[in-house]
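Quick one: structure below, then a few questions.
Chain naming follows the written order as A, B, C, D and E, and within any one chain the residues start at number 1.
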(Lines give C-alpha, C1' and ligand atoms only; values in the text may rest on other atoms or scores of the structure.)
Protein backbone atom coordinates (compact mmCIF):
# COMPACT_ATOMS: atom_id res chain seq x y z
CA UNK A 1 0.00 0.00 0.00
CA UNK A 2 1.13 3.56 -0.60
CA UNK A 3 0.91 6.47 1.82
CA UNK A 4 -0.80 9.82 1.28
CA UNK A 5 -2.77 12.62 2.88
CA UNK A 6 -6.30 13.74 2.17
CA UNK A 7 -5.95 17.23 0.69
CA UNK A 8 -9.30 17.75 -1.00
CA UNK A 9 -12.20 16.25 -2.88
CA UNK A 10 -13.32 15.60 -6.42
CA UNK A 11 -16.87 16.12 -7.68
CA UNK A 12 -17.97 14.17 -10.73
CA UNK A 13 -21.65 14.08 -11.67
CA UNK A 14 -21.30 12.24 -14.99
CA UNK A 15 -19.66 8.94 -14.24
CA UNK A 16 -19.74 5.18 -14.71
CA UNK A 17 -18.43 4.56 -11.20
CA UNK A 18 -21.13 4.93 -8.54
CA UNK A 19 -20.57 3.91 -4.95
CA UNK A 20 -23.32 5.14 -2.61
CA UNK A 21 -21.99 7.51 0.01
CA UNK A 22 -18.36 6.96 -0.92
CA UNK A 23 -16.69 10.24 -1.91
CA UNK A 24 -13.78 10.67 -4.28
CA UNK A 25 -10.93 12.24 -2.34
CA UNK A 26 -7.92 14.07 -3.68
CA UNK A 27 -4.84 12.44 -2.19
CA UNK A 28 -1.32 13.84 -2.19
CA UNK A 29 1.27 11.11 -1.83
CA UNK A 30 3.58 11.39 1.18
CA UNK A 31 6.72 9.72 2.42
CA UNK A 32 6.71 7.64 5.60
CA UNK A 33 6.87 10.81 7.74
CA UNK A 34 3.72 12.27 6.21
CA UNK A 35 5.67 14.85 4.18
CA UNK A 36 3.88 15.65 0.92
CA UNK A 37 5.62 14.86 -2.34
CA UNK A 38 3.67 16.79 -4.99
CA UNK A 39 2.03 13.78 -6.64
CA UNK A 40 -1.74 13.42 -6.66
CA UNK A 41 -4.24 10.62 -7.21
CA UNK A 42 -7.99 10.29 -6.71
CA UNK A 43 -9.09 7.52 -4.30
CA UNK A 44 -12.46 6.25 -3.15
CA UNK A 45 -13.09 6.51 0.59
CA UNK A 46 -15.37 4.05 2.40
CA UNK A 47 -14.05 4.55 5.95
CA UNK A 48 -14.60 8.27 6.47
CA UNK A 49 -11.11 9.73 6.17
CA UNK A 50 -11.00 13.44 6.95
CA UNK A 51 -9.05 16.43 5.68
CA UNK A 52 -5.30 16.24 6.35
CA UNK A 53 -5.45 12.66 7.67
CA UNK A 54 -2.71 10.31 6.57
CA UNK A 55 -4.06 7.19 4.88
CA UNK A 56 -2.86 4.06 3.16
CA UNK A 57 -4.20 3.25 -0.27
CA UNK A 58 -4.51 -0.01 -2.19
CA UNK A 59 -4.14 0.34 -5.91
CA UNK A 60 -5.20 -1.66 -8.94
CA UNK A 61 -7.74 -4.45 -8.68
CA UNK A 62 -7.10 -4.85 -4.98
CA UNK A 63 -9.27 -1.77 -4.55
CA UNK A 64 -12.32 -3.83 -5.47
CA UNK A 65 -12.00 -6.40 -2.71
CA UNK A 66 -14.60 -5.10 -0.27
CA UNK A 67 -18.36 -5.67 -0.16
CA UNK A 68 -18.93 -2.06 -1.14
CA UNK A 69 -16.47 -1.82 -3.99
CA UNK A 70 -16.76 -5.25 -5.60
CA UNK A 71 -17.22 -5.13 -9.37
CA UNK A 72 -16.69 -1.39 -9.53
CA UNK A 73 -14.17 0.10 -11.97
CA UNK A 74 -12.03 1.79 -9.33
CA UNK A 75 -8.28 1.39 -8.99
CA UNK A 76 -7.50 3.26 -5.76
CA UNK A 77 -9.17 2.72 -2.39
CA UNK A 78 -8.37 4.14 1.04
CA UNK A 79 -7.96 1.02 3.18
CA UNK A 80 -6.83 2.58 6.44
CA UNK A 81 -6.35 5.83 8.36
CA UNK A 82 -2.82 5.90 9.78
CA UNK A 83 -2.41 6.45 13.52
CA UNK A 84 1.33 5.96 13.91
CA UNK A 85 4.33 4.97 11.82
CA UNK A 86 7.59 3.88 13.41
CA UNK A 87 10.92 3.71 11.60
CA UNK A 88 14.09 2.38 13.24
CA UNK A 89 12.24 2.22 16.59
CA UNK A 90 11.25 5.90 16.55
CA UNK A 91 7.85 7.31 15.70
CA UNK A 92 8.18 9.30 12.48
CA UNK A 93 4.46 10.02 12.21
CA UNK A 94 1.82 10.39 14.92
CA UNK A 95 -1.73 11.39 14.06
CA UNK B 1 -7.78 7.05 -10.44
CA UNK B 2 -5.59 9.42 -12.39
CA UNK B 3 -6.58 12.78 -13.84
CA UNK B 4 -6.37 13.92 -17.46
CA UNK B 5 -7.97 15.98 -20.19
CA UNK B 6 -9.48 14.81 -23.45
CA UNK B 7 -7.22 16.26 -26.15
CA UNK B 8 -8.10 14.16 -29.19
CA UNK B 9 -9.15 10.81 -30.55
CA UNK B 10 -7.62 7.64 -31.90
CA UNK B 11 -8.94 5.75 -34.94
CA UNK B 12 -8.11 2.06 -35.20
CA UNK B 13 -9.92 -0.07 -37.78
CA UNK B 14 -7.93 -3.27 -37.28
CA UNK B 15 -8.30 -4.26 -33.69
CA UNK B 16 -9.12 -7.02 -31.24
CA UNK B 17 -10.85 -4.64 -28.86
CA UNK B 18 -14.37 -3.75 -30.00
CA UNK B 19 -16.79 -1.86 -27.82
CA UNK B 20 -19.86 -0.63 -29.71
CA UNK B 21 -20.11 3.13 -29.72
CA UNK B 22 -17.23 3.62 -27.30
CA UNK B 23 -14.52 5.77 -28.87
CA UNK B 24 -10.82 5.67 -28.05
CA UNK B 25 -9.85 9.08 -26.75
CA UNK B 26 -6.38 10.59 -26.53
CA UNK B 27 -5.87 11.73 -22.97
CA UNK B 28 -3.14 14.06 -21.71
CA UNK B 29 -2.47 13.56 -18.02
CA UNK B 30 -2.98 16.61 -15.81
CA UNK B 31 -2.25 17.61 -12.25
CA UNK B 32 -5.07 18.32 -9.81
CA UNK B 33 -5.52 21.83 -11.29
CA UNK B 34 -6.11 20.51 -14.78
CA UNK B 35 -2.67 21.64 -16.00
CA UNK B 36 -1.37 19.34 -18.72
CA UNK B 37 1.82 17.39 -18.06
CA UNK B 38 2.94 16.16 -21.49
CA UNK B 39 2.14 12.47 -20.91
CA UNK B 40 -0.44 10.71 -23.08
CA UNK B 41 -2.52 7.55 -22.87
CA UNK B 42 -5.43 6.14 -24.86
CA UNK B 43 -8.62 5.48 -22.86
CA UNK B 44 -12.01 4.06 -23.74
CA UNK B 45 -14.95 6.41 -23.17
CA UNK B 46 -18.42 5.07 -22.31
CA UNK B 47 -19.87 8.23 -20.72
CA UNK B 48 -19.53 10.76 -23.54
CA UNK B 49 -16.60 12.90 -22.44
CA UNK B 50 -16.00 15.86 -24.74
CA UNK B 51 -12.96 17.74 -26.01
CA UNK B 52 -11.01 19.56 -23.28
CA UNK B 53 -13.07 18.03 -20.45
CA UNK B 54 -11.17 16.89 -17.38
CA UNK B 55 -11.77 13.25 -16.57
CA UNK B 56 -10.69 10.59 -14.13
CA UNK B 57 -9.42 7.30 -15.48
CA UNK B 58 -9.23 3.82 -13.97
CA UNK B 59 -6.30 1.78 -15.14
CA UNK B 60 -5.46 -1.90 -15.33
CA UNK B 61 -8.13 -4.55 -14.89
CA UNK B 62 -10.41 -2.14 -13.07
CA UNK B 63 -11.24 -0.74 -16.49
CA UNK B 64 -13.21 -3.90 -17.26
CA UNK B 65 -15.65 -3.63 -14.37
CA UNK B 66 -18.69 -2.27 -16.18
CA UNK B 67 -21.41 -4.08 -18.13
CA UNK B 68 -20.09 -2.60 -21.35
CA UNK B 69 -16.40 -3.31 -20.85
CA UNK B 70 -16.46 -6.69 -19.11
CA UNK B 71 -14.13 -9.24 -20.68
CA UNK B 72 -12.58 -6.70 -23.01
CA UNK B 73 -8.80 -6.32 -23.24
CA UNK B 74 -8.74 -2.67 -22.25
CA UNK B 75 -6.60 -1.20 -19.48
CA UNK B 76 -7.79 2.42 -19.30
CA UNK B 77 -11.38 3.61 -18.93
CA UNK B 78 -12.83 7.05 -18.36
CA UNK B 79 -14.95 6.59 -15.23
CA UNK B 80 -16.02 10.17 -14.60
CA UNK B 81 -16.09 13.70 -15.98
CA UNK B 82 -14.76 16.09 -13.35
CA UNK B 83 -16.93 19.03 -12.31
CA UNK B 84 -14.85 20.47 -9.47
CA UNK B 85 -11.72 19.69 -7.50
CA UNK B 86 -11.00 21.30 -4.17
CA UNK B 87 -7.59 21.36 -2.49
CA UNK B 88 -7.04 22.86 0.96
CA UNK B 89 -10.64 24.16 0.95
CA UNK B 90 -10.19 26.11 -2.28
CA UNK B 91 -11.44 25.12 -5.72
CA UNK B 92 -8.40 24.46 -7.90
CA UNK B 93 -10.45 23.25 -10.87
CA UNK B 94 -13.98 24.18 -11.95
CA UNK B 95 -15.42 22.85 -15.21
CA UNK C 1 -3.63 1.71 -23.62
CA UNK C 2 -0.15 2.85 -24.51
CA UNK C 3 1.17 3.68 -27.96
CA UNK C 4 4.15 2.16 -29.75
CA UNK C 5 5.57 1.08 -33.09
CA UNK C 6 6.50 -2.40 -34.23
CA UNK C 7 10.29 -2.32 -34.67
CA UNK C 8 11.19 -6.00 -34.69
CA UNK C 9 10.48 -9.47 -33.42
CA UNK C 10 11.52 -11.78 -30.62
CA UNK C 11 12.21 -15.51 -31.05
CA UNK C 12 11.88 -17.74 -28.00
CA UNK C 13 11.86 -21.51 -28.46
CA UNK C 14 11.91 -22.45 -24.76
CA UNK C 15 8.88 -20.91 -23.18
CA UNK C 16 5.84 -21.41 -20.99
CA UNK C 17 3.74 -19.02 -23.04
CA UNK C 18 2.46 -20.60 -26.26
CA UNK C 19 -0.12 -18.94 -28.45
CA UNK C 20 -0.47 -20.60 -31.86
CA UNK C 21 0.45 -18.29 -34.68
CA UNK C 22 0.81 -15.24 -32.45
CA UNK C 23 4.31 -13.77 -32.74
CA UNK C 24 6.16 -11.85 -30.06
CA UNK C 25 6.89 -8.40 -31.45
CA UNK C 26 9.47 -5.89 -30.26
CA UNK C 27 7.66 -2.63 -29.63
CA UNK C 28 9.26 0.78 -29.13
CA UNK C 29 7.00 3.11 -27.20
CA UNK C 30 6.02 6.33 -28.99
CA UNK C 31 4.33 9.58 -28.11
CA UNK C 32 0.97 10.51 -29.64
CA UNK C 33 2.72 11.63 -32.86
CA UNK C 34 4.36 8.28 -33.41
CA UNK C 35 7.81 9.59 -32.40
CA UNK C 36 9.90 6.84 -30.79
CA UNK C 37 10.98 7.27 -27.19
CA UNK C 38 13.75 4.70 -26.67
CA UNK C 39 11.74 2.37 -24.41
CA UNK C 40 11.04 -1.20 -25.48
CA UNK C 41 8.61 -3.94 -24.50
CA UNK C 42 7.66 -7.30 -25.98
CA UNK C 43 3.97 -7.71 -26.91
CA UNK C 44 1.93 -10.56 -28.33
CA UNK C 45 0.27 -9.84 -31.68
CA UNK C 46 -3.01 -11.53 -32.69
CA UNK C 47 -4.14 -9.03 -35.33
CA UNK C 48 -1.24 -9.10 -37.78
CA UNK C 49 0.55 -5.81 -37.09
CA UNK C 50 3.40 -5.16 -39.52
CA UNK C 51 6.82 -3.55 -39.31
CA UNK C 52 6.74 0.18 -38.49
CA UNK C 53 2.98 0.22 -37.86
CA UNK C 54 1.78 2.22 -34.88
CA UNK C 55 -0.24 0.15 -32.44
CA UNK C 56 -1.99 0.45 -29.11
CA UNK C 57 -1.15 -2.04 -26.40
CA UNK C 58 -3.08 -3.26 -23.36
CA UNK C 59 -0.91 -4.16 -20.41
CA UNK C 60 -1.29 -6.32 -17.33
CA UNK C 61 -4.13 -8.82 -17.04
CA UNK C 62 -6.20 -6.98 -19.60
CA UNK C 63 -3.98 -8.63 -22.20
CA UNK C 64 -5.64 -11.96 -21.47
CA UNK C 65 -9.19 -10.88 -22.29
CA UNK C 66 -9.53 -12.40 -25.77
CA UNK C 67 -10.52 -15.92 -26.81
CA UNK C 68 -6.98 -16.53 -28.02
CA UNK C 69 -5.09 -15.20 -25.02
CA UNK C 70 -7.32 -16.27 -22.13
CA UNK C 71 -5.44 -17.99 -19.32
CA UNK C 72 -2.05 -17.26 -20.86
CA UNK C 73 0.72 -15.64 -18.79
CA UNK C 74 1.13 -12.62 -21.03
CA UNK C 75 1.03 -9.02 -19.86
CA UNK C 76 1.17 -7.04 -23.12
CA UNK C 77 -1.13 -7.46 -26.12
CA UNK C 78 -1.48 -5.44 -29.29
CA UNK C 79 -5.19 -4.54 -29.33
CA UNK C 80 -5.31 -2.26 -32.35
CA UNK C 81 -3.38 -0.90 -35.32
CA UNK C 82 -3.61 2.89 -35.32
CA UNK C 83 -4.92 4.60 -38.47
CA UNK C 84 -5.11 8.20 -37.29
CA UNK C 85 -4.63 10.22 -34.11
CA UNK C 86 -5.99 13.73 -33.77
CA UNK C 87 -4.89 16.21 -31.11
CA UNK C 88 -6.49 19.63 -30.74
CA UNK C 89 -8.48 19.03 -33.94
CA UNK C 90 -5.37 18.39 -36.05
CA UNK C 91 -4.10 15.02 -37.21
CA UNK C 92 -0.78 14.39 -35.51
CA UNK C 93 -0.41 10.86 -36.88
CA UNK C 94 -1.72 9.35 -40.12
CA UNK C 95 -0.81 5.79 -41.10
CA UNK D 1 8.94 -9.68 -6.74
CA UNK D 2 10.74 -6.64 -5.42
CA UNK D 3 13.29 -6.53 -2.62
CA UNK D 4 13.16 -4.48 0.57
CA UNK D 5 14.02 -4.36 4.25
CA UNK D 6 11.67 -4.14 7.21
CA UNK D 7 12.37 -0.73 8.77
CA UNK D 8 9.30 -0.17 10.92
CA UNK D 9 5.59 -0.65 11.36
CA UNK D 10 2.33 1.11 10.62
CA UNK D 11 -0.61 1.32 13.05
CA UNK D 12 -4.07 1.90 11.59
CA UNK D 13 -7.11 1.45 13.80
CA UNK D 14 -9.73 2.68 11.32
CA UNK D 15 -9.50 0.50 8.27
CA UNK D 16 -11.34 -1.63 5.74
CA UNK D 17 -8.51 -4.12 5.52
CA UNK D 18 -8.44 -6.54 8.45
CA UNK D 19 -6.21 -9.58 8.54
CA UNK D 20 -6.05 -11.22 11.96
CA UNK D 21 -2.56 -11.14 13.40
CA UNK D 22 -0.97 -9.81 10.24
CA UNK D 23 0.82 -6.51 10.89
CA UNK D 24 1.41 -3.72 8.42
CA UNK D 25 5.15 -3.26 8.06
CA UNK D 26 7.03 -0.26 6.73
CA UNK D 27 9.35 -1.49 4.00
CA UNK D 28 12.23 0.43 2.45
CA UNK D 29 13.06 -0.85 -1.00
CA UNK D 30 16.62 -2.13 -1.48
CA UNK D 31 18.81 -3.18 -4.35
CA UNK D 32 20.00 -6.78 -4.71
CA UNK D 33 22.74 -6.18 -2.10
CA UNK D 34 20.28 -5.07 0.56
CA UNK D 35 21.29 -1.41 0.24
CA UNK D 36 18.37 0.89 0.99
CA UNK D 37 17.11 3.19 -1.74
CA UNK D 38 14.92 5.75 0.04
CA UNK D 39 11.57 4.49 -1.31
CA UNK D 40 8.94 3.20 1.09
CA UNK D 41 5.81 1.05 0.84
CA UNK D 42 3.52 -0.59 3.39
CA UNK D 43 3.23 -4.39 3.11
CA UNK D 44 1.21 -7.00 4.98
CA UNK D 45 3.29 -9.65 6.76
CA UNK D 46 1.94 -13.18 7.31
CA UNK D 47 5.27 -14.97 7.82
CA UNK D 48 6.75 -13.11 10.76
CA UNK D 49 9.43 -10.94 9.20
CA UNK D 50 11.51 -9.05 11.77
CA UNK D 51 13.16 -5.67 11.95
CA UNK D 52 16.00 -5.18 9.43
CA UNK D 53 15.31 -8.48 7.65
CA UNK D 54 15.46 -8.43 3.87
CA UNK D 55 12.25 -9.64 2.25
CA UNK D 56 10.69 -10.11 -1.15
CA UNK D 57 7.30 -8.60 -1.81
CA UNK D 58 4.56 -9.44 -4.30
CA UNK D 59 2.59 -6.47 -5.49
CA UNK D 60 -0.85 -5.91 -7.01
CA UNK D 61 -3.46 -8.65 -6.99
CA UNK D 62 -0.86 -11.34 -6.51
CA UNK D 63 -0.77 -10.28 -2.87
CA UNK D 64 -4.22 -11.83 -2.38
CA UNK D 65 -3.27 -15.34 -3.44
CA UNK D 66 -2.91 -16.99 -0.02
CA UNK D 67 -5.56 -18.51 2.24
CA UNK D 68 -5.10 -15.67 4.70
CA UNK D 69 -5.19 -12.79 2.26
CA UNK D 70 -7.79 -13.95 -0.25
CA UNK D 71 -10.45 -11.34 -1.03
CA UNK D 72 -8.68 -8.64 0.97
CA UNK D 73 -7.99 -5.23 -0.57
CA UNK D 74 -4.21 -5.40 -0.13
CA UNK D 75 -1.69 -4.82 -2.89
CA UNK D 76 1.64 -5.66 -1.22
CA UNK D 77 2.47 -8.86 0.64
CA UNK D 78 5.74 -10.14 2.08
CA UNK D 79 6.12 -13.56 0.43
CA UNK D 80 9.57 -14.52 1.69
CA UNK D 81 12.40 -13.65 4.05
CA UNK D 82 15.67 -13.59 2.10
CA UNK D 83 18.53 -15.77 3.34
CA UNK D 84 21.04 -15.29 0.55
CA UNK D 85 21.31 -13.59 -2.83
CA UNK D 86 24.04 -14.49 -5.30
CA UNK D 87 25.02 -12.36 -8.29
CA UNK D 88 27.62 -13.50 -10.84
CA UNK D 89 28.45 -16.49 -8.62
CA UNK D 90 29.24 -14.36 -5.57
CA UNK D 91 27.03 -13.82 -2.56
CA UNK D 92 26.01 -10.16 -2.50
CA UNK D 93 23.68 -10.56 0.47
CA UNK D 94 23.80 -13.01 3.38
CA UNK D 95 21.31 -12.76 6.23
CA UNK E 1 6.70 -8.63 -21.32
CA UNK E 2 9.95 -7.09 -20.20
CA UNK E 3 13.45 -8.26 -21.03
CA UNK E 4 16.22 -9.23 -18.61
CA UNK E 5 19.17 -11.51 -17.98
CA UNK E 6 19.57 -14.12 -15.27
CA UNK E 7 22.40 -12.83 -13.07
CA UNK E 8 21.96 -14.86 -9.88
CA UNK E 9 19.59 -16.56 -7.50
CA UNK E 10 17.66 -15.82 -4.33
CA UNK E 11 17.36 -18.23 -1.40
CA UNK E 12 14.37 -17.83 0.91
CA UNK E 13 13.58 -20.56 3.43
CA UNK E 14 10.78 -18.76 5.27
CA UNK E 15 8.14 -17.94 2.73
CA UNK E 16 4.45 -18.06 1.85
CA UNK E 17 5.19 -18.69 -1.81
CA UNK E 18 6.12 -22.31 -2.50
CA UNK E 19 6.41 -23.70 -5.98
CA UNK E 20 8.06 -27.14 -6.10
CA UNK E 21 11.29 -27.10 -8.03
CA UNK E 22 10.87 -23.54 -9.25
CA UNK E 23 13.79 -21.38 -8.16
CA UNK E 24 13.74 -17.65 -7.51
CA UNK E 25 16.17 -16.03 -9.93
CA UNK E 26 17.76 -12.60 -9.69
CA UNK E 27 17.07 -10.80 -12.94
CA UNK E 28 18.77 -7.65 -14.18
CA UNK E 29 16.61 -5.81 -16.67
CA UNK E 30 18.14 -5.28 -20.12
CA UNK E 31 17.35 -3.29 -23.23
CA UNK E 32 16.46 -5.03 -26.49
CA UNK E 33 20.17 -5.69 -27.19
CA UNK E 34 20.67 -7.56 -23.93
CA UNK E 35 22.63 -4.69 -22.36
CA UNK E 36 22.09 -4.56 -18.59
CA UNK E 37 20.44 -1.51 -17.10
CA UNK E 38 21.15 -1.73 -13.36
CA UNK E 39 17.57 -2.56 -12.28
CA UNK E 40 16.83 -5.84 -10.53
CA UNK E 41 13.75 -7.94 -9.84
CA UNK E 42 13.19 -11.46 -8.53
CA UNK E 43 11.29 -13.80 -10.86
CA UNK E 44 10.10 -17.39 -10.59
CA UNK E 45 11.54 -19.78 -13.18
CA UNK E 46 9.58 -22.83 -14.37
CA UNK E 47 11.38 -23.40 -17.68
CA UNK E 48 14.97 -23.86 -16.57
CA UNK E 49 16.63 -20.58 -17.53
CA UNK E 50 20.39 -20.58 -16.92
CA UNK E 51 22.96 -18.04 -15.82
CA UNK E 52 23.43 -15.14 -18.27
CA UNK E 53 20.52 -16.20 -20.48
CA UNK E 54 18.24 -13.46 -21.74
CA UNK E 55 14.62 -14.02 -20.80
CA UNK E 56 11.23 -12.36 -21.09
CA UNK E 57 9.18 -11.88 -17.95
CA UNK E 58 5.45 -11.46 -17.38
CA UNK E 59 4.59 -9.26 -14.45
CA UNK E 60 1.56 -8.79 -12.21
CA UNK E 61 -1.24 -11.35 -12.15
CA UNK E 62 -0.30 -12.67 -15.56
CA UNK E 63 2.50 -14.52 -13.78
CA UNK E 64 -0.07 -16.86 -12.25
CA UNK E 65 -1.54 -18.13 -15.51
CA UNK E 66 0.21 -21.51 -15.74
CA UNK E 67 -0.73 -24.85 -14.20
CA UNK E 68 2.28 -24.62 -11.90
CA UNK E 69 1.83 -21.05 -10.73
CA UNK E 70 -1.96 -20.76 -10.47
CA UNK E 71 -3.16 -19.29 -7.19
CA UNK E 72 0.36 -18.45 -6.04
CA UNK E 73 1.21 -14.95 -4.78
CA UNK E 74 3.91 -14.30 -7.36
CA UNK E 75 4.06 -11.25 -9.60
CA UNK E 76 6.98 -12.03 -11.93
CA UNK E 77 7.43 -15.17 -14.02
CA UNK E 78 9.99 -16.08 -16.66
CA UNK E 79 7.83 -17.00 -19.66
CA UNK E 80 10.51 -17.55 -22.29
CA UNK E 81 14.24 -17.83 -22.94
CA UNK E 82 15.18 -15.48 -25.78
CA UNK E 83 17.00 -16.94 -28.79
CA UNK E 84 17.08 -13.92 -31.10
CA UNK E 85 15.78 -10.38 -31.24
CA UNK E 86 15.64 -8.42 -34.48
CA UNK E 87 15.26 -4.66 -34.70
CA UNK E 88 14.91 -2.83 -38.03
CA UNK E 89 15.65 -6.09 -39.86
CA UNK E 90 18.98 -6.65 -38.10
CA UNK E 91 19.65 -9.07 -35.27
CA UNK E 92 20.48 -7.04 -32.16
CA UNK E 93 20.66 -10.07 -29.87
CA UNK E 94 21.60 -13.67 -30.64
CA UNK E 95 21.86 -16.24 -27.86
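Operating definition for what follows: a contact is a pair of C-beta atoms (placed from the backbone, for glycine too) under 8 Å apart; a residue touches a chain by one contact, two chains touch by 3 or more.
Bear in mind the structure is a predicted one, so any value in this text is a computation, not a measurement.
Common neighbours of subunit A and subunit D (chains touching each): not present. Separation between the centroids of subunit C and subunit E, computed from CA atoms only, is 20 Å.
Subunit D has its Cα centroid 33 Å from the Cα centroid of subunit B. Residue positions 60-61, 63-64 of subunit D each touch two or more of the other chains. Contact topology of the protein chains: cyclic, one closed ring where each chain has exactly two touching partners. Remark: ring traversal beginning at subunit C, heading first to subunit E, gives the chain order C, E, D, A, B.
The part of subunit B that touches subunit A in the complex is made up of residues 1-3, 31-32, 46-49, 56, 58-66, 69, 77-89, 92.
By the touch criterion given at the top, residues 7-17, 24, 26, 40-43, 51, 60-61, 63-64, 71-76 of subunit C touch subunit E in their complex.
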